[in-house]
Structure formats: C-alpha cells, structure tokens
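Sharing a structure, written as structure tokens. Questions coming.
Labels run A, B, C and D following the written order; every chain starts at residue 1.
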Amino acid sequence: MLYFECDYSEGAHEKILERLAATNRESLPGYGMDHYCQSAKEKILAACQCPEGDVHLLVGGTQTNQIVISSMLRSYEGVVAAETGHINTHEAGAIETTGHKVLALPQHEGKIDGDELRRYLQTFYGDENHEHMVFPGMVYISHPTEYGTLYTKEELKSLSEICRQYKLPLYMDGARLGYGLVSPGTDVSLADVAKYCDVFYIGGTKVGALCGEAVVFTKNNTPPHFMTMVKQRGALLAKGRLLGIQFDTLFTDSLYLEISKNAIDTAEMLKQILREKGYPFYLDSPTNQIFVTLEDKKLKELQKNAVVSFWEKTDADHTVVRFATSWATSKEDVKKLAELL
Amino acid sequence: MLYFECDYSEGAHEKILERLAATNRESLPGYGMDHYCQSAKEKILAACQCPEGDVHLLVGGTQTNQIVISSMLRSYEGVVAAETGHINTHEAGAIETTGHKVLALPQHEGKIDGDELRRYLQTFYGDENHEHMVFPGMVYISHPTEYGTLYTKEELKSLSEICRQYKLPLYMDGARLGYGLVSPGTDVSLADVAKYCDVFYIGGTKVGALCGEAVVFTKNNTPPHFMTMVKQRGALLAKGRLLGIQFDTLFTDSLYLEISKNAIDTAEMLKQILREKGYPFYLDSPTNQIFVTLEDKKLKELQKNAVVSFWEKTDADHTVVRFATSWATSKEDVKKLAELL
Amino acid sequence: MLYFECDYSEGAHEKILERLAATNRESLPGYGMDHYCQSAKEKILAACQCPEGDVHLLVGGTQTNQIVISSMLRSYEGVVAAETGHINTHEAGAIETTGHKVLALPQHEGKIDGDELRRYLQTFYGDENHEHMVFPGMVYISHPTEYGTLYTKEELKSLSEICRQYKLPLYMDGARLGYGLVSPGTDVSLADVAKYCDVFYIGGTKVGALCGEAVVFTKNNTPPHFMTMVKQRGALLAKGRLLGIQFDTLFTDSLYLEISKNAIDTAEMLKQILREKGYPFYLDSPTNQIFVTLEDKKLKELQKNAVVSFWEKTDADHTVVRFATSWATSKEDVKKLAELL
Amino acid sequence: MLYFECDYSEGAHEKILERLAATNRESLPGYGMDHYCQSAKEKILAACQCPEGDVHLLVGGTQTNQIVISSMLRSYEGVVAAETGHINTHEAGAIETTGHKVLALPQHEGKIDGDELRRYLQTFYGDENHEHMVFPGMVYISHPTEYGTLYTKEELKSLSEICRQYKLPLYMDGARLGYGLVSPGTDVSLADVAKYCDVFYIGGTKVGALCGEAVVFTKNNTPPHFMTMVKQRGALLAKGRLLGIQFDTLFTDSLYLEISKNAIDTAEMLKQILREKGYPFYLDSPTNQIFVTLEDKKLKELQKNAVVSFWEKTDADHTVVRFATSWATSKEDVKKLAELL
C-alpha cells in the first residue's frame, strides 16, 4: 500500500530518535527547564533572526492554537480567520471552548485578503456603536494554508501593517511552515515570518518530529505567566526534554529545512506526473499538498493500492482528493504511484 | 549530582525507544487509529481483567484529569476531592478552566475518608434545598496519593459503594499507579482498581514512558463523542502511534509492573538507610515518595551533591523534603546518597 | 422628539405597574417560588395549549438565549443559526462564552432554509469522519427574525421535522413573538409554536414588560437542575415576583396579544405612508420593524425631530434605517412622523 | 403568617414604584444610556465622596459578583475569599463557570483575617515556584458578611493595605451594604468603603429595590469594554431605566440609608426580645440577620405562624435559624413575633 494520505503517517526523522536514545539516561529537570529546551530555543531564535523573541515548545497544533489565541485575547474579543482556517473548521471548537468566537472572513484559496480585512476592522472604529458585538482581538492566518497555498512577502507585510494599525497581533499557524519556507515560488523567509508576525509557530509534528510545535513570540510580547496558562490547559509536558531534544535536532545544521525540501521535491515530481497524465488540479498549490479531481471509478481503483485523502464531492461522479507528500516520502513511492495513476 | 527530585527525570525505558525505532518508518493512520494503539488497549484491558472496558491514550496527567472530569460532569456539577488532591492544588486551575468547581474534603495523609464523604453527599439529599450550591457529580481520588499513601482494598470498595449509592462515578488518578500496585503492603490489584472505579488512568509519564497516560472506562461508560472532546481540548495527538507503541511495550510481559518494582526496591533501600541514620519521617509512605524532615543546615549541605524536592517548612530551621525513586533509579545512586546523608 | 428607534423605549404597560403596586407589600417566597409566577406559568401554558409544558421566567433575551442553549447542548456541540441570527451578531459572543460555537447557515431575509439545513445536517451522517468538527446540537431560529420577517406554518413544520429526524431540539427566539403572532399575514399561532418547537421564549421586554422573557419547554424536556444552571449564570432573580406579576398580567385577558396589535396597526399605518410617499423598502417586513432606504440628506433632516435606528450604508449617499413601532406607539406620533417624511 | 425569612420578601419601596409610574411613558434610550441612569450614578458617586469613580448598574448579586470578578481576573488567576463567602457556597459555581477558582481562606464569623491573608499571599512571592498553582488575583469580602458581621474601619484599612502591597484589587460584596452602614456599632462609612476598596457594589435587591445592584469602580479602574462584558454575560438590561430610576430614587434624600435604618431598628427590637426570653444567640450580629439556636419542638410550633430561615442542625434536637428584618419590616410584626416566641 502506498501512503499519500497526510504528512504525519511515519514516526520521526532518524536523527531525532538517535538523539533521544543518546540522551535517555541523563537526569534533567522537568517542564521544559532542561538545557535541550534552552538550546533548541536559542537555535530557533537564531534561525528566525529574532534575538528578542521568546520560544515555547508545545505538543500539538490544535493545542498551540488554543493556548496562544486564548492567552492573547481579552474575554470580549474574538479571533479573525479565513472561513476555511483550521481553527474555524477542524479543531472541534477548541477556540470557542475557551470562550472566544472565531470571526470568519471570506477565503481565497485559503487566504484572507488585506482589503477585506481592513474594511472589516474599520467598521469597529466608525461612528456606530459596536458594544454588542464581538471585537476583533487578533488575526489568524495559516501559512501554508489548509489548501497548501502561501502568502507572498508583500501580502504578509500588508496584513502586518493593517494589524499594527489596529493594534491587533498577527498570528501565523505554521503547522507546515517548513514546507512553505522551501517552496520554490516563495519569497517569504523564516526571518520575514518573525518580522511580520507577532507570534507564530513552527510545526514539528508534520515536519519530521514525533510531536511538537515551537511557538515564537517575536516582539517581547509573551503573555505574563504563559507557562501557568499552558499548565492550566493541560499542555505542560513533564518530560519537556522530549520536545527540546526534537527541536534542538531539527534546528541543528538546518535539518528542518533540509527534510522539508524532500516533501517539496516529491510533490513537484508528483505534480509533474499528474499534469502529464491530464488530471485536473482543483487549485494550484506550491507546497506538499496536491488537490486533484478524480472520477470516482478511478478513485476506487486507486484506493486498492494507495491511501489518499478525501476532500469533497464535486458532482455525482467526481471527487476532489488530496495527495500529501512529506519529509518521509520516497521517490520510489512516487514512481509506484505514477504507475497506478 | 544525584537525582532524587522526582520520577520523571530520565527519558523512557530502553525497550520503548527500541520499539519506536523499529517501527519508525511504518506508515500508519493518525489520531490513535493505528494497530499499536489497538494492541495496547487490548493488553491493558487484559491486565485489568476488564474485557468490557474502553481505553483512551492521552499525553499527560493534568490533561487527562481535565478531560475525563469535564467530559463526565454536567455543567452544574463539581468534582469531590481531597483538599490536597492534585487537581485542587497543582494543576493551575485546570478543572475550573472547564467551568467546574473542585469540592474539597479534608485529607488524611492524602486520602479522603468514606464516612466524611458519605456525610457530605447526604446533605444534598436531605430536606433542605441545595439548588444554589454546586452539586457533587464525581469523586476523585489519587492512588498513590500525593503523599505516596495507598487506599486499602476495603477502603476502595467502601468508596465505590458510596459512589454507586449516590450514582456518582469514582475516578482514580493513577499517575503513579504502577508504584502503588507493586508496593509490598498493598492488597489492591489492577483488577480491583478496574472493578471499584468507574474510570481511572494508568500513568505512563512517571513510570517509564516519554509521555502518556492510559484512561480506562471500566463500565461501558465512555462519554459519547469522547474523541471529539479530546480534540476540543487540544489533546488529540496526530501521531497517536507514539502513545500506542509505548503502552503496548509497557504492557508486554508485565514490563510496567517490573520497572515499577525497581522504584519500590530502591525506595525501601533508602527508607532503611534513613531509618538507621535516625531521620524523622514526615509520614509513612509505602511507595516511591519518601518525606523526611531535615535540618536546613543539613539540607543545604546535601544539595551540593543531590537534588531533592522541597515540600514545606516546618519551623525556622527545618524543612520537609521529598526523596523520589523511580523506574530509573539505580542502587548505586542510593548507596552514594547514603554516604551523603 | 418622536421615537421610532426601537421597541423598548418606554416603561411597561400601565396594568403591569398597577399590579406591581397592588401586590407590593405581600410577603412572598423568593426565586420564582411565589404564586404569581405559578399563575403566570399556568396561563402561559394554557395560551400555548401545551399542558405538558414547563415555563421558566428570565430577565432578558441574551441571557435567555445563553442559558437555554448552553443548558441543552453537550460540550462538543454547537448551535445552528442564520448568519444574521441575534446570537451570531449582536450578543457579544454570549454563546461562545459558554464554550459553544454558533454554526452559521446562509440567511434569507433573516430566515434559514429547510433544504440548506437538511443538506448541512446530512454531512454529519455520511461516510466521512466528522470527529474533528463541531457537531450541530440544536437549531436556533428567531420569529420574527432580526429583519421582522416570519416563518410560515409550513416552513416551521418542515424545520421541526428535520430537527426531529436528526434528534436536534428546535429553539425559537421569540423576543418579539407577540408582534409575529398578530401580524396580518401569519398563519402561525402560539399553539403552533409550542407544537413545532422544543423550546422557545415569549419576549416580554420588547412587548410591554419592564423586563422578562418566558421560556417554554414544550416536550417535557426541561434540562435537569435547570434552576441551578440559571443561578450559575447569575440569572436567578431573588424577587421572582417581578417577573411573575408581569407575565401574569400580560397573559390575563390576552393583554399580550392586544398590545402587540397596537404595534402592528401603527406599523401598517406607517408603511402605508411610506409607500405613498415613495420611499423604497429595503425588504418587506410584516411586523413592527420597517426597513427603508433614505437619502442621507433626508435622514439628517429627519433626525432633527425623530429618532430612528441606523441599519447600514448602501452607498455614499444612502442609508438603510429601521423604524420600529411598539405596544406603546401612538397613532398621533405616526401622524406627526408622516409630516416630517 | 409573619415573615422573617429573608430581606427580599416584599416588592420595592413605594417611592420607587411612584417614580416608575411617573416616568413610564418617557421615551428613553436603552441599555443604561438614559438620564436616570446618569443621575443615579452621579448621586451615588457623591454619596461615596468618590468623584473619580465609575458606576455600573446590574440586576442581581450573583450576576454582579460573576461579572466584576471575571472581568478583573486574568485567566490564570483566582479570587481569594472566606470559605463561607457567598461566591464560594451559594452561587452554584458562578465564578468557576467563568473559569476561575475561588481560593478559600478560613472564616472568622464570616470574615477573613488580615494576617492569614498576608501569610497566604506571601507564599506566592517566596523562593518556591508557584507556576503550577492558581495565582491570587483579587480579594473578595462581604460586608455585612453572610453572618451579618462587619469589618471595622481598621480591619478594612489593613486588608486594603495588604491588597495594595500585592497589587490585588479589593472587592466588597455589598448585597446588604445599607444595613451595614447604619449599624449602631460600625465606624465604616460609605466614603470609607470607596476609599479602601477598589471596587464594590451597593445592594439594591435586599434594600428596597425590585432588583438592582450598583457597582462602583473607585480608582479609575473600570475594565475596558466593561459594557460589552456585561452584554456577553447576558446581563445588559434593555430597559436600563428600570435600574436607573430605582437607584436615583434610593440616592435622593438619603432614602437608601433611611430605609436601611428600619431594618436595624426592628432587628435591635427583636434581639432585645430574644435576649430577654433567654434564647441563645449563635453569634452576635450587629446588622439585620439574627442567628438563634432553637429547640426543634419550639421551632416546629413557631413555624405554624412565622417563616424563618433554616441555617444548620447543631444536634439531634436543636437547629440554628435565622431571623431577618428588612426595610419593609414593621414594628407590629416584631411585636406579634414576640408573642409567639
């Protein structure tokens, strides 16, 4: 069976497992106070060119979104997001559970539009009274988006300026950030992300770690007692070393970007094959997620030998599916898939 | 430096790391749907002699307490616990964050008393109106307690009967359950726990895993859509294999109990030494936590070469400290500590 | 100055004030346990032709929506509503505060469409997994809607059938229910509301009371310990008599419908005038809210002598405004307004 | 039947009803933006000698506690209160519903002790780490307490100093504040309350209003967007005039204190009678609540003709009951009660 279902089907990059084994019997303080966490944080800030930043290591993406957003919003505020944003669709209401509304804006291939954002925010600062409405308190974007698309540097800069004008933090969900950073078409670097966002996270779970996301507060703006809020949400790992060692490894010798590149290379290879074979793309994604419309008959046949991800039905006989590559995808598997297509 | 600070200072039992490495490149479904999770659940239920039970694997203890308790309480209910219960003292208000009150009962070396529990519950069923009060909706106990003490089978049975009389689930926090099960004095087996509790968890983090706790619903009583509630709290691990493989390993060939025994053996060894040297015990704990009163001068000296845990000041010159052993404690280290004492 | 801004500009119907004065020195039990509350409940159930129903009196509309919805949803569920539903737009996130998401459907002059609702609900019962999404747990409609429009009996019946098919309670926000019930075009009676909805509330605040909304659970389906949940939300009035006496008065000799009729009569009168003068209606509302597009110049002039409600800008020179009549609007005032128009 | 059960058995002082009737047909803006609310606020601040203060009018006591406390705490903070504090015992978990823990201190006739408070707060600022604990974020006191007792000016000043030292707001629940202010033994004036507390409320419901509590933020410290948070909790009254007119009346010509005095006078009269007849007082309360131990036989007889409040059983044959007087208690009723005793 060939697996192109998602980017979290395998374990971790072998270097991570080796580091875990090599350090296993060291007695270390708990709760992220160990020197591996410290080292990981330093390496991450160096990679971000953001020496004034602050890094916290958490376990998973929904958890990270929930804690970052709820810790930065005031109780009467909501978070602005594309209607297709992960927090608005596939996190089981994790934001609302903390008492906050997701304020949905239209999506454009998964992205929000700067002009639409500005118009929306302006309404809260006009003559009319908005005291009976949920105030926007933060802007959430995902990069890559849930459709694999990317913001350009210009778009990111523009969103950042709008947010600063309205004094709202700009937060980037980087569950697949690595795959965005090494996409051939992008002009957005990790330093740009740190520059334009007030807070973002570098996804580990989908980019070679067993688990783990690294939150970066970029502007000396970590909420007070953030660690207590992490504990309060049940998210403080006793053996913080598990996260520290993984991120320290990923940010040693650019391993994070290097393994991200494998996902992009194999995705490009697969896209080329799909293009040649005449499969219609649902949209043009420059990262590791490929959305293609298949005849249901063809899909059924394919599913005998390959696992892909259902996206949506387009009509009675066609389905959009997602092929995802990852740090772990081999060129051999892409070739085998090509034969099935 | 000698580490007796806590039972989560080292990584994981080596067999776990080996299994993680051996299975690393297998492509598996996410979110706990893989066969290792399935196998772990079966082995756990077999060990519990509870074939009708249901197991869910979560990442950490506070998270587990938060999710189990909030998913079983109705919105107007609170959870009864000893005033020293972990949920009432050291989880940063994780229960209250979900909207529920911890209803504290007096503690007796960390335990609640059956008669006091019964009297408390009775007040809600007398003539008087209690509609302005928080209703008890669940009873929480820890075993071993935060003081390392254990309930007897008779005590556990009695609490269970009281809970059933009042139709309240009895929940056991088993963060250190392994250490309780192999304590020389105990008459409580894992099957007893499953029999008398409606839900409990088997702690992995403190007993040889990198992370992970196994929740067991024992009476065909898993709350509907439990998985969605886990997701909603940010606690659903994408790579559920990380938990499945660990618990599958721990519950193969009784590894869990075997490594628990190391903690008890080294604790007994240390207690013998402390007794011989005349150190006064703060209380008599039959598990892996040892509470001793030290002169501050002595403590300061000791801390040059050993890490122990501060518990409380008893007077201007004395401090209660906790020595903790674990699955990873070596007899050599206990001997070295003996020399320092 | 002429007031057509809203339907809560004046105090209460004089009969209410007289009853409050006449009963003032009676010593009564608190928290709604008095005989006026009891009598009000009986009269309301009789008017609803719903003897098996259960009535609770609350203070205001947002409070009522918050308590009814949060007490009927499970923690992983959200409430389905039109995107323009009051709970989704103008209640400051009161639903999200309780941890639940508002699941917005498209609105059609403020109403939801049965077919769209059915299609939405079906997706949760197909082959695909929805465990990462917020489950629909209730359907909220307002009648009259925020645009003054009404469901037909056929539409209401259809929504009711869909809800029963999917085992979801249908909840009607009747903040202005009186105005809907006496609208000339409607075929929906109070008994129909009780028949087709699982729970609804009869608005008092906007229909002649100082404050107060009467929640009716129609199917022997009051959530257990509802009163405690009311208290928990800070909504239990110590002097419940204030609500009991008001609703007892409103439901004596059909006062509620009678005073509602005044709003409709004066609204019809005003609509006739607007029509004659050629003002373009924004939409056709059959109740007490009239939406008209005005030139900004005209609006500015009008505002010197009359208060109306801003709705939205349609272009640089035009604004939609709302004229609202109420139980307290006099024909004289409508005539005076006519002169200004 | 004679009513001494509580202080909210009757409607409102007649002057309030007269004002409501006299102003009934005035068309006024909603949500507390009317001139009666404005006037009430000015009179209250004048009475408090606190020109820099800010007043908000809310409907009930639990609602007020819930909103004030949740709007002033950060998410990781709890509120310190006496274990017998109303928020900890009889508000159905209204504070926990907002996600915050009540941190209970020992009570001394309903009061907290300054030294115990200081010692408790100090522990959070010592060497030890408290990041896994709920931080104290506010101190709640009731005055009069739930036992009718009062803080002295010296005690209040001391609590205030401790709170300022630790930068915690001091909040007074003044549900029965009027009865405290006119108690013969007190040296605490309304101006003192405003001086020493950061926020407090003046209870209307129990002191002559139909409903209503006036929150005073005394130090230019109203939380931003407080009105939105009030709306979000379902507590914003559409017809705010109902509260404005009541408090404007109560604070005209010192009506509030004048009617409070009636409760104290009748309570003193009743205490004198009880003393003469040899009834043992459970504790010595200087306000309108009188706690007496009765033989159950005697109580049963008394209950044929009088309503009193059950407090607690002391042994098999005795019960503590509470007699409450109020603004509405007549001397004639006290005399009639005397005959029954």
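Just so it is clear, a contact is a pair of C-beta atoms (placed from the backbone, for glycine too) under 8 Å apart; a residue touches a chain by one contact, two chains touch by 3 or more.
Since the structure is predicted, the reported quantities are computational estimates derived from the model, not experimental observations.
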Task: Most widely separated chain from chain A, with each centre as the mean of CA atoms - done: D
- [ ] State, to the nearest whole Å, the distance from the C-alpha centre of chain C to the C-alpha centre of chain D.
- [x] 33
TODO: Please compute the C-alpha centroid of chain B, do the same for chain D, then give the distance between them in whole Å.
DONE: 42
Open item on the list: Could you work out how far the Cα centre of chain A sits from that of chain D, in whole Å?
Closed with: 50
Open item on the list: Quick check: what residues of chain C touch more than one other chain, meaning two or more?
Closed with: 75-76, 91-93, 97, 99, 131-133, 228-229, 231-232, 236
Open item on the list: Building nodes from the protein chains and edges from chain pairs that touch, which of line, ring, star, complete or other describes the result?
Closed with: complete
- [ ] Flag every residue of chain D that touches chain A in the complex, lowest number first.
- [x] 31, 70-71, 74-76, 99, 131-133, 135, 224-225, 227-229, 231-232, 236
- [ ] Spell out the part of chain B that touches chain D in their complex, as residue ranges.
- [x] 75-76, 78, 89-93, 96-102, 104, 128, 131-134, 310
Task: chain B partner contacts - residues on chain A that touch it in the complex - done: 1, 3, 5-6, 8-12, 14, 17, 20-21, 23-30, 59-67, 91-94, 97, 205-206, 210-211, 228-229, 231-239, 241-242, 307, 328
